[in-house]
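Dumping the structure here so I can ask a few things about it.
Residue numbering begins at 1 within each chain, and the chains themselves are lettered A, B, C, D and E in the order written.
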Amino acid sequence: MGKYVLRRLLNAIPILIGITIISFTIIHMAPGGPLSAIAEDPTIKAIDKENLIASYGLDKPLPVQYWDWLTGMLQGDFGTSYLKNEPVTKVILERLPNTLLFTISSFVVSLLIAIPLGIICAIKANSRLDRIVSGFSFVGMSIPGFWLGLMLIMFIAVKLGWLPSGGMQTINAEFSLWDRIEHLIMPVFTLALAEAAVWTRYIRSSMLEVIHQDYMRTAKAKGLSGSRVLNVHGMRNALMPIATLLGLAIPGLFAGSLILEAIFTLPGMGRLFTEAAFQRDYPVLFAITTMGAFLTVAGSIISDVLYAILDPRVSLSKSEVKG
Amino acid sequence: MNVVISQNNPVIEKPKNRSWERFKRNKLAMISLIILIALIILSVLAPLIAPYDPAEQDLLSRLQAPSWEHWFGTDDLGRDLFSRVLYGGQVSLAVSIISVVFTVIIGITVGSLAGYYGGKVDSILMRFVDVMLAFPTIFMLITVVTLLKPSLMNIIIVLIAFGWMGKARLLRGQILSVKNREFVDAARTIGMSDFRIIFRHILPNSLSPILVSATLQMGSMILTESSLSFLGLGIQPPTASWGNILQGAQSLKIMMEAPWVPFMPGFMIFLTIMCFNFVGDGLRSAFDSR
Amino acid sequence: MSTPLLEVKGLKKHFRIGNSSKNGAVKAVDGVDFTVNKGETLGIVGESGCGKSTVGRLVLRLLDLTNGQILFDGVDLGKLNQRQLRPLRKDLQCVFQDPYASLNPRMTIGKAIAEPLIIQAGLSGQEAMQRAEALIEMVGLRAQASRLYPHEFSGGQRQRIAIARAISLNPKLIVADEPVSALDVSVQAQIVNLLGELQTQTKVSYLFISHNLSIVRHISDRVAVMYLGQIVETASRDQLFDNPKHPYTQALLSAVPEPDIENKRDRIVLSGEVPNAANPPSGCPFHPRCPHAVQRCSAEKPIFREIEPGHYASCHFI
Amino acid sequence: KTDPSATPAGTAPASTPEAQKGEKVDGGEIITAYLAEPQGFIRFWATTTTSSESIDLVFSTLYKFNEKQEIVPDLADGQPTFSDDKMEMTIKIRTDAKFSDGQPVTADDVVFTYNIPLSEDYKGPRKGTFTSVDKVEKVDDATIKFTFKELNAGYIDMMPYNILPQHLLKDTPIKDMDKSEFFKNPIGSGPYKLTEWKAGQYLTYTRNENYYNGKPAIEKITTKIMANANAMMAQLQTGELNFVAVPPDNLSVIEQYAQTSGNIKLQKGISSSSYSFVGWNLNNPLFQDKKVRQALTMLIDRQAIVDNVAEGQGKIVNSETPPSYWHYTDDVPKFEYNVEKAKELLAEAGWKPGADGIMVKDGKKFEFEMQNIQGNVIREKAMTVIQQQLKKAGIIVNTRLFEGSAFTKNFQGKNFEAIYYAWSISGDPNPKGIWHSSEIEGGLNTVSYSNPEVDKLIDEDLKSFDMAKRKELLNKVDALIAEDQPYTFLYSPTTTLAYPAKLEGYNPNRDSLKEVEKWYFTK
Amino acid sequence: MKVSNIREAILEVKALKTVFKDRKSEKTIVDGIDFEIGQNEVVALVGESGCGKSMTSLSIMQLLPGDGEVTEGEVCFRGRNLVGLKNKEMSKVRGRHIAMIFQEPMTSLNPVLTIGVQMTEAIKRHLGHTKTEANEIADNWLRRVGFPEPTRIRKEYPHRLSGGMRQRVMLAMSMACKPDLLIADEPTTALDVTIQAQVLDLIRDLIQESSMSVLFITHDLGVVAEMAHRVIVMYAGQIVETADVRTLFTSPLHPYTKGLLNSTPRMQGAIEKLSPIPGTVPQAGNFPAGCRFADRCSMATEACRAQMPELREMGSGHKVRCIMV
């Protein structure tokens, strides 16, 4: 297993390097640059622009810039944010926990909703309950998240005043768990709704497949209790494909949080990224795209490893016995 | 249910597509399909149907509630919302349908080459898919849309560029399983060319999951387009799309004083995605229980 | 005897495990020789995984061989590439085990049968269709059935259709890989009879692969018994069934349950499992399960030799 | 640079005369919001509006700008005095100011501060502002002397730089100052102290008890960082914010909220020093004829745009000076909405309606592309209105939106036919950067406007230290530019501020947190 | 072992009718089946694919898939009707009193659980043993079915075992609680002949030792001849003939039974052309009126098609559903 992971990681290196080169090029191809905004100010003179360009290192040829960035990155130095005059690592580490908190809680909530629902639907496939839940999950999948978010803010926060309309915490207040939760309810609900809808479908179909397997019948024929049949024989098999999807879902989670972070004014990676994209804060942009690529690659490795852990039939130590 | 050709039953039924038969029996999917077709026809015929020019402003009648004159009311520049929603449908549906069609074409080409030929071709193509997949899509989408100008064409291109890999993988897997089916061997023993084998025998039997995923993707493309609009990166006004009509209605004022303005495009997005989802689900079960 | 229609010499097929050669190979077929004469049926029997299908697929050149010769009508098929093979394909057809998998579910059976006629015989679509309908009647279905899709037929009917397609080009050899194994006894008998009738009419040869010994007994002229990628015994049908020489053949024959309450036979029950083709035993491949095995069997590989005219076997003790 | 109506950043309250009734309270909190985070607390490296407003809370400067963009003394004591040749400027400072760590603010600190941009090591964006300065020296503990290399009537642009504590920064190399701890965690002599900076979320300030102008009444100020105006409006209504600028498109809702809840009041009509316009690229043959440009302006119903797009929150402008400026004049040629007259002008210029109603000249249709920045709802709407109005007169406008950076690049690269843009002017009013023909190459005169008379007047103004004279010169410039209409000047937005109902002491003409130290709550 | 009709019946199936319903249609899969299994008796259920053999056995176990349902009749196990029993009650019978093994050894074991877990869970549940005791019992049975190193096998996952090994594991698993009745649904069909011989031998030994009754489902008449005391022949959801083995093979009465015997190729004797039954099995829900075999029967008359024949007693437990005999 260790060897397999190592090999996958080694394989990932050229992919990651390829991606950084491509994104480096794409990002630099963009019209405008980090100076566009400053340059609109009539009081900023040509000499100032030159100074800035030199201090950002943008006067060097692109390959040199890439090389500098790459070698820096390999030593853990992602450069300094143009906008914030701070090391990119610090800027990201300030935002990352918020995004993680938000996305992971949404993820957990969505699974908490989806697993029982998906299983019940599979057991009672085609019953009225199943159809109602399926209907709702389609609704959940079809509601644009940003729209739902705005509606929640308008009704729950503004009209009813039940929950704060945004942010991570009450400002200037001592940390309190309830305060955190209060702030997260609406964004988490919004993100989790769509996610839960999708997961419910996945889990339902995966469970449905498992329910019809011969070994489930064997388990029942052995006289096991219904819950043991379901939980021990059913769940583990049904969650296997789900587990692999989890790994692949990691990068998607961040994407989903991007818009909601803006709506609920959560200070996370999504906002950092949009800001950096609009202002051409290259070091931050590169760091985040690289991170995203890394997450994606890591996600797929994780999902394969998870699969191997869960499914004894897969052995990773040998080369893939793929069809 | 097999039709058994027994001696006393000389009537041979007309050949019929069973998946289609089964699909037809799924009421929800059928209704959704009809709604979708209606939506497509309506938006194609927008120039004929729309009572007003979608760009025509009437600053004296801003934010009017739905009425006989303006079925969906008017927006904050006094433009007729019904006409805008019709024209917006053109763009939104075109974006989703065109991008999905090309996504499918690329996915099929790459997937079938990789799946059928295997070996080196397969490794190279799949590595490429890996690279493309490892681009965090939404991030790249935003970066690229920020960089290119957000025209209809560019948005479609970007959606295609980052949307085909799933299809390629799906199809490759599908082909790997179909190409070992015995009828493919049978076709080879007849001496058929690879091309003919792929097109006549393998693809027709591999496409149904692609078709299902394409339908579902059409829904998500509409959603992506409208999310991009929300970030100000989508189709640009004055061209209307459902996403940007909705985006233009984000202010509290409009939401509270003229809720029909965000409601109409929002509802259309919702309805369309919903219909695509139901059709996709219908297709899935129609293909499944073969 | 004139030259055989098909002569296979030293045929080998090794599948690599994984995608590097380091992991070793599955020796699915490991040095097989046999011949099939014109108008004759050679039955190949053996346990699951012994390499029967692989032999069939090699003869059909659906697989590339690792080693050996496949002389078909004097041409070595093993040396040709797929493009060069195409014109020869009309003489070499196949019928597979799974009647549900061997027809394209999205093609009417008429088209499926007409397709080889269009491609190989160059018939027009309409001619091919007429011919297809004739063939459909020939295998015992109604001509109108040509417009139906495979799923509208039962397993036995599909197998008839598959046979109709195989004979459409008047081939010289049909490789039939377990064509009746998936069918019920009553239908199985129908198909066996159909194959027999077609052979009398067209003088086609069969390479009939099966693990069902009683069927093989009914249809074959000669029989080859395979074990772990090798042929351990070949003989004419009567020689083999009445007087099996190889201990494996003996065990195999005795293991078949007979629907006969009166004369029960003694049964040789083998212990142990079929060994792994990736890691075959040394010496005689059968020695770990052989009731007569001695030291020599594990050390020395027996030679495949003629024991009596037309009867070959590989065992140290015959 | 950016249109404030689109970026409703934090802004300030206004006082109505009758509002003196309540009893003054010591304490209270203002919670406002910005769209962006400040970059840091040294203006030599911090260029954004948010940054300067944040710096002003924590630091003192020699002078501050008032709403007419005149300088008023802050640390300084009286207006600067000049030598006769105007090559030396002397500024006296008050001696009672202290940094919040207790150290006094002295002439050494001022000299230390002003020597930063003069240093070789300084690589920030403000070197250009100080190129005319030769040296800055201490005369005595309360007097500083600036020596110039060349005449600079625009010296006031050098004033609003925050005075840094030498004792804390003297060991920090200049090139590292923007990366220093101090940049993010400053000690200043202003009315407030930064107490917390939660990255990406908010900054909190508490009052400086020792502030030399007296302890501010408001105890705490929090500036949140929020991504969009909608969220701000929501938080205003939930009480999570109590002070914020209200964008025009949300005005009616907030007005209603103010009425029903009684928590907030609104101050409307605060004039800003920005204006929006459509720039005509004068290199394009379509726009080379002055009559055509005048006609285009007359075809646009600017009042309709103000009323319907800006919801009445704006004032039509006719030339390049924002109405709030000290030298503003309304006495310039005006081209009011008049379709008939515009058509006549166009006819004179050779443009006649063709068979399809579209204007043609020499077989060419009157059609052009207008660029705009994307993501700014008001500007987008205004542009579509213009598009429609010109279409009625037979002129085809193809609109095209660009993402911010690309848009700016097009503007500066003169890569447009017509462009919807906005200026936000502050500091010295000399318009050389935008209107002088020498700024066509490399400057911001990107419509390529060239009028020798305007050039002459601008150059003269640069050397005039007499305000009355300057007003006269600048008014002439405005009149000439208005006549030439290189831009169609649209309107200058006015700001509406929402503030707590019990807040008093604010200046109704100032936006954002300016003069916050004078505010107080009443019971 | 000779057949005797006076054995006490441990399972009685009375007029069992099993129906599959979906929203539109309803098809009767098992149509009024009566039979009983005596103490220590091995009864074979034969018939072609799709005739309802498996559904009969699943009806007995109350394990019908989703939309299947027993609509009529009774399944009495030791006098107690199992039809309609609560799932909880039924689960005490399953595995404990009636055990079942299935056709597909490849898919009948849970791929992600070890053999040990799968074996001991039932032992623990039904016999209330601790884990160690259960393991010991499991080891004993594994040894009994021919694994010399049972502890090692217990730790294996199913995919590491061959088909024959898995089927032996299944057998050990079902025997572990010493059931009174074993239902074996085509337990050897998926195995090679030599392996099949091993497993059949094993089953026979186990039956003899443990004095249990067996319902042995197969479509292979050869296996029937080797294993059963009594045979039930099913066709299209109905019993068409039942008799003790000897009677059935020596003097079959129903044309279908005869047809089956004639179309089965033999290993001994002269090689004749096989005489197949013409036509194909009718599909459930699409059965002809009257005798369901009439369409394929060479002796069929109008009367056969007009009315469904009764299952008639022909003496000494030999029953036939045919009016022509």
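Just so it is clear, a residue touches a chain if its C-beta (ideal position, glycine included) is under 8 Å from a C-beta of that chain, and two chains touch if they have at least 3 such contacts.
Note that the coordinates shown come from a computational prediction; the quantities given were computed from them, not determined experimentally.
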item	value
Reaching chain C from chain B through chains that touch each other, fewest steps	1
Pair of chains with maximal C-beta contact number	A-D
Distance between the centres, which are taken as Cα means, of chain D and chain B, whole angstrom	46
Distance between chain centroids, defined by C-alpha means - chain A, chain D (Å)	39
Between chain A and chain C, centroid-to-centroid distance (C-alpha), Å	54
Inter-centroid spacing, chain B versus chain A (mean Cα positions, whole Å)	24
Touching two or more other chains - residue numbers and ranges from chain A	30-31, 150, 154, 158, 262, 274, 278
Junction residues of chain B - those touching two or more other chains	2, 4, 146-147, 250, 252, 256
Sequence positions of chain D contacting 2 or more other chains	230, 234, 403, 406
Touch list for chain B against partner chain C, complex	2-5, 10, 12-15, 18, 181-183, 185-192, 196, 200-201, 204-205, 290
In the complex with chain E, residue positions of chain C that touch it	47-48, 154-157, 184-190, 192-193, 196, 211-215, 217-218, 241, 251-263, 265, 267, 269-271, 273-274
For the chain B and chain D complex, residues of the former touching the latter	55-57, 59, 62, 76-77, 145-147, 149-150, 232-233, 236-238, 248, 250-254, 256-257
Interfacial residue positions of chain D with respect to chain A in the complex	1-2, 31, 36-37, 39-40, 45, 47-48, 123-129, 131, 157, 178-179, 183-184, 196, 198-202, 204, 220, 222, 224-228, 230-231, 234-235, 237-238, 240, 403-410, 412, 425, 427, 433-434, 442-444
Chain A - residues contacting chain B, complex	15-16, 18-19, 22-23, 26-27, 29-31, 134, 138-139, 141-147, 150, 154, 158, 251-252, 254-255, 258-259, 262, 273-274, 277-278, 285, 288-289, 292-293, 295-297, 300, 323
